[in-house]
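The structure is given below, and queries will be raised subsequently.
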Amino acid sequence: MPKIKLSQRTIEIVKEICLSFENNEGELINVLHEAQHKLGYLPAEVQELIAHELNMSIAKVYGVVTFYSFFNMLPQGEFPISVCMGTACYVRGAEQILHEIKRQLNIEVGQSTPDGKFSLNCLRCVGACGLAPVVMVGEKVYGRVAPQQIRKIIAEYQEGCVRPEKHEM
Amino acid sequence: MNKIKSLDDLRQLREGMQAKIKLRESGNNSENIVRIKVAMSTCGIASGAKEIMNFLMDELEQKAIEAVVSQTGCMGYCYAEPTIEVTVPGREPIVFGDVDKFRAAEIIEKYIIHNELVDGILPVNYRSIDN
Amino acid sequence: MDMINLTIDNRPVSVKRGTSVLHAAAQVGIKIPSLCYMKLEDLNIENKPGGCRVCVVEVEGRRNLAPACCTDVAEGMVIQTHSMRAIHARRTVVELILSDHPTDCLKCAKAGNCDLQSMAQHLGIREIHYEGEQSTFREDTSPAIIRELDKCIRCRRCEMMCNEIQSVGALSAINRGFNAVISPAFEMNLDHSVCTYCGQCVAVCPTGALTEVDHTGAVIRALSDPSKTVIVQTAPAVRAALGEEFGDEPGTLVTGKMAAALRRLGFNYVFDTDFAADLTILEEGTELLNRLTAFLGGDKNVKLPMLTSCCPAWVKFFEHQFPDLKDIPSSARSPQQMFGSIAKTYFADKIGVNRKDLVVVSIMPCVAKKYECSREEFSVNGNPDVDFALTTRELAQLINLANIDFKSLPDEDFDHPMGESTGAGVIFGTTGGVIEAAVRTAYEVFTGKKLDRLDYTELRGMEGLRHATIDFNGLPIHIGIAHGLGNARKLLEDIQQGKSHFHAIEIMSCPGGCIGGGGQPYHHGDAEILKKRQMALYREDSGKPIRKSHENPYITKLYEEFLGAPMSEKAHHLLHTEYFDRSKS
Amino acid sequence: MADYKMHLLVCGGTGCNASDSEQIRDNLLTEVEKHDLNDEVQVVMTGCFGFCEKGPIVKILPDNTFYVQVKPEDASTIVEEHLIKGRKVERLLYKDPENNEPISDSKHMEFYKKQVRIALRNCGFINPENIDEYIARDGYAALAKCLGERTPQQVIDEIKLSGQRGRGGGGFPTGLKWEITSKSVADQKYVVCNADEGDPGAFMDRSILEGDPHSVIEAMAICGYCTGSTKGLVYIRAEYPLAIQRLKTAIKQAREYGLLGDEIFGTPFSFDITLRYGAGAFVCGEETALIHSMEGLRGEPTFKPPFPSESGYLGKPTTVNNVETLASIPVIINKGAAFFNSIGTAKSKGTKVFALAGKINNVGLIEVPMGTTLREVIFDIGGGIKGGKKFKAVQTGGPSGGCLTNSFLDTPIDYDNLISAGSMMGSGGMIVMDEDDCMVSIAKFYLEFTLDESCGKCTPCRIGNKRLFEILDKITKGLGTEEDLSRLRSLCKVIKDTSLCGLGQTSPNPILSTLDNFYDEYLAHVKEHKCPAGQCKSLVKYTINHDKCTGCTLCFRNCPVGAIAGEKRAPHTIDNSICIKCGVCYDKCKFDAISVS
């Protein structure tokens, strides 16, 4: 786990979040949600800081972070691609979609592209089964996606339309 | 916003609201309002319901048609999102499916202005428990 | 107190409400096999996650099988513990565990002592029907503990000990599903975590996932090297448990046989850590009295209460978790390190051997001692004061290796001058023992009067937190005792908030004290064994001619010939140490 | 303003074998043209009426005539008889199945509308972010009635009388659950709304929270009143941002109106609600795991008893109810238990919301009374199978459920029938599968899901499911043996028998039900190494049909692994040892020369 030095700004943000939940150990998951929302991901150093602020064991914080699929310890791509693998989407060909994206970006699920633009993971059912199979890029939902459309969708972000503000660490 | 301190506060508020709606639905009040509800659930928005809602508001304003466009929850027709429900005064509410910009314009033009029906009407296929 | 009546295996049973099926069956002699369940009776330690599912039984009217360990009895229950359906389920469950378990029993440290191994034999498992991928994890060797998580069966005992009993919080379950396992934060090595090596996880681990680092090989090499003089010191708690490895009843004292066995193994000098325990009492007792007199003399910033410092796991605990209190514990080293320091200076000169050619081996009931002797400050330009620390289990292994028939050995004495010890030194091995030994000496030195009684029963027992007030000739001295780091934490928090009214506190990391150490023969969750070992130490104490540390002639000789006086400049240099803030490790 | 006097609505739903309806519309238009009525009569295509069994349908407004099973050639009779002579065409009218009387006015034909909306009563009607619209539809009247006129026990009895059962999948009687919590004594009790909805293919909780959050808030308050809890918690999935935002707005408005907070309606009863977020763990749908997650711990279940009603969140008595269960509570209070009890079957009362998805035309959220048959749901409301393919099975209950085939289509849906049919109600996900779906890979898909979502605490689920998945994987790769099948079944039984929580106890269901219903398909994979549905990649063989192949080299250029060889304008061949069965050539070939076997 490469050691990174947290910027003072990040330390302030994390402390603020913990304080907003009265440094209560029972609010760990809410704290982690807020931290990931503000910082983009949860590296080891952030987890250590949270454990310190909530006065609890670091191993327990890591145990919670690795239990829930929502929290990730590696930076997400600028444009996180998630393929819905719910049953409705699976039956309508989500596996071929996933296969096609892997081929196009040649990364595996859970990885990010070297240039940090795209990351790929699977989601458990986004709840838009009417549009199966569904692919999400960030918050944007693409419905009734066919493997052939993947190239077009990626291209849309390739030229880099508006870049969301970069999370400095 | 006054707090509802007792049961009759609630009753009064409810009666007031229901009267306002009946007035509007019976259509005999002066400002002859058209009510449009847009299904704004996650899958609705994902299929473009937000753009349709803005488009409807601009179009109706342009054509100076008195109308209230409001958002609502999912109506259950996932295969036909985005879906909208149009209530023209004096007529039963009608639900339209697969409403893109082109079809929305057609609904305004034909149904709201000329009272003609338009393709893609979704018949009500459930019984409600109001009656 | 309402009783519940039920039938188990067609036998009527009547037990208290709230009893589990497992215990109810045990009361009528029915042993339901279980793996992850563990209960240490009066140390109120219980582990029943209900995860292994080996103890499932058939309950009439229930759709699926019920885990006996965490299903409480209910009125009129009808239970079949060994129906074919339950046996088939149990065998399949154990087959599943074995399908994700390495099959290297031949070279596994736990072979012969492994609960999974005996369970598989008990269930007569000959074939694993469901082969498949095995979960693999990086092996981690720390100064004291080896973690081979491929052998972990996720019984959660170590997680429970580390968090609920010891409150160290070095271990937690991580990941989810097939790769869920118990590990320190970020799957780092133990020596990067807050682990204090108290070894309680090693003591309860049912398989070979957590074992102590094995130094028998190194000791054998030293013994077979003619150029080395190899001496050994044995800890107080070892003599009350070593016999169990050879089939003795728990609590059998084997001091004499142990000395005889060590001599036959080829140790040049067989000494006793109890000698250094008496030395510790002198040093620590004096330090306590100095602080007391200063306190009574009105010095406001003297550090009271004073805490004992002989347990290395407890030292690492406050270095990590209470760095602001690190100058409160006594600066005296532990008996093991005092012994090493004296051996490699005073004794080495006496027998004319250079410290590099003198190998000091210690036999300890504990795994943390392996870490302690590897600490920087306990070595002189690279040569450690204590070279190797073996656990009681490793000593038993050595004795078997050398084909020594332990049970028929004659009783022999320790060598001199570092083999002589008093009753006070022996009781170091149990909770309440160190402070009782200190009181015996401090009372006589402080009041100048002879003790009327030697047995301070108010300091003895097994409760996690104990306190007593001893009258020092009109001056009430308040004493606190805690064993198990979770209990220690409560006392430390009182000190931090200035609420502690104690003068002296004895703290030991392991429940029961060193008799329950991580290196002792496995108790498999039976607390009776700990109590019997405790009784044995008090028996040896009352049988000793001299029972007060300051009356040990060899100690007085050591001071005259070498150290001068307790807390002298030389004693300070050789027998005292300092602590480090490890909270930012 | 209405220049058209008559409207002819032709059902264009894809279910009504769409080709006929277009033909009917064209014929009607030409007939109207012929009798030059085109400025008085308008012909329009509509969406599906939800009565596809009797399709295609033509409805005439304003007199509401409802013609069924209309053929293109009937268009002329409809125009001449009905439009011109004003006489209804008897033979096309729908015959009431009881008395075989033709029904002329569709106003009386309420019964063909199979759905009854109770939990979804406000969805699509009110603006979820405007509390007034909820109050206008009797919102909070139930709470007012409870606080004002009833004791907690009376309300509990009413709910017990209604026969309401848990809609999260367990089916535990709601009234009884509330009663147990009300009897537990503690200084603090909790009401929890379980909005974790981890079932893939289920989204009814989301729609209710997005469409009508207030009904859930009101129900939680009522539950708080009955059980003596003053604190409510909604445990909601982090994957539902819109539902979270709508819930927050609704709670804020309810507080402003004094419907949440202290002394509601001036009575001593106080109740407030806070949100707790899930973080992507299906197992947290289980009560004890959910409670651990709310306490900031790993979502690992613990043994029951003690049930949460006795000791749950922070060790205090806690009532955990699913969103849908709560949504219909206000209706039970307002319209009375008898009304709710009159709907449904003997032991399963009221309605159930299903998320109908998969290979079906009308994917959608439907709410049907208990006792409706699967056939009505799939072929009437659902509009039949997409692309006219043959129905194969419907999967209910998600990863804990099973699949039901043709022979179960007429099973009335309720908790017990579904369980005895080898499946279970589950939260309501209903995935329809057609002939192209391979049941072995569906079972493998669900196992892979359970594998990812198992918390790993107990042996049978952590290791057992992994072994089940490995055996299934072997079978889908054609390496399975018949002995594997028997081993699969026996391991499934032990896992069901010994797992700690519901996830493990039900994870083998998809396998057991596909084994029971499609054993021949398993045998095909194992014996002949063939996948009848052509889904299992490694068993599929792509071959080029030489007389159809024109040698256009399109497949050759697109094959990612260069498994295709052949000269320009000469028939090509596929080398099956290299081919990775990606199917690109099959999609690209314009001459349909590539066949899948």
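Letters are used for the chains, namely A, B, C and D, taken in the order the chains are written, and counting of residues starts over at 1 for each.
The working rule: a contact is a pair of C-beta atoms (placed from the backbone, for glycine too) under 8 Å apart; a residue touches a chain by one contact, two chains touch by 3 or more.
Here the structure is a predicted model, which means the values were calculated and not measured.
Q: A-B versus A-C: which interface comes out with more C-beta contact pairs?
A: Higher C-beta contact count between the two pairs: A-C.
Q: By CA centroid distance, what chain is farthest from subunit C?
A: So the farthest one, by centre of C-alpha atoms, is B.
Q: Could you grab the centroid distance between subunit A and subunit B? Build each centroid from C-alpha atoms only and quote it in angstrom.
A: 37
Q: Could you grab the centroid distance between subunit B and subunit C? Build each centroid from C-alpha atoms only and quote it in angstrom.
A: 74
Q: Could you state the distance in Å from the CA-based centre of subunit A to that of subunit C?
A: Roughly 44 Å separates the two chain centres.
Q: Just the number, please: Cα centre separation of subunit A and subunit D in whole Å.
A: Here the centre of subunit D sits 28 Å away from the centre of subunit A.
Q: Out of subunit A, which residues touch more than one other chain, so two or more?
A: Where subunit A meets two or more other chains at a single residue, that happens at 63, 67, 69, 126-130.
Q: Would you give the residues of subunit B that are in contact with at least 2 other chains, written as numbers and ranges?
A: Residue numbers touching two or more other chains: 42-43, 45, 78-79.
Q: Could you tell me which residues belong to subunit C and also touch two or more other chains?
A: 173, 175-176
Q: Provide the full list of chain pairs in touch.
A: Every pair of chains in contact is listed here: A-B, A-C, A-D, B-D, C-D.
Q: Which of the residues in subunit A come into contact with subunit B in the complex?
A: Contact set of subunit A toward subunit B: 126-131, 134, 141, 143.
Q: Note which residues of subunit A are touching subunit D in the complex, please.
A: 25-30, 32-33, 63-64, 67-71, 85-88, 90-92, 96, 99, 103, 123-130, 132, 139, 147
Q: Okay, in this complex, where on subunit C does subunit A touch?
A: Contact set of subunit C toward subunit A: 163, 168-176, 183-186, 188, 193-194.
Q: Quick one: in the complex, what on subunit B touches subunit D?
A: These residues of subunit B touch subunit D: 1, 3-7, 10, 13-14, 17-18, 21, 37, 39-43, 45, 70-80, 85, 97, 114-130.
Q: Flag every residue of subunit D that touches subunit A in the complex, lowest number first.
A: Those residues of subunit D that touch subunit A are 197-203, 206, 238-241, 276-282, 293, 295-299, 314, 355, 357-359, 363-364, 395, 398, 429, 431, 433, 437, 442, 445-446, 449, 452-453, 455, 560, 582-583, 587.
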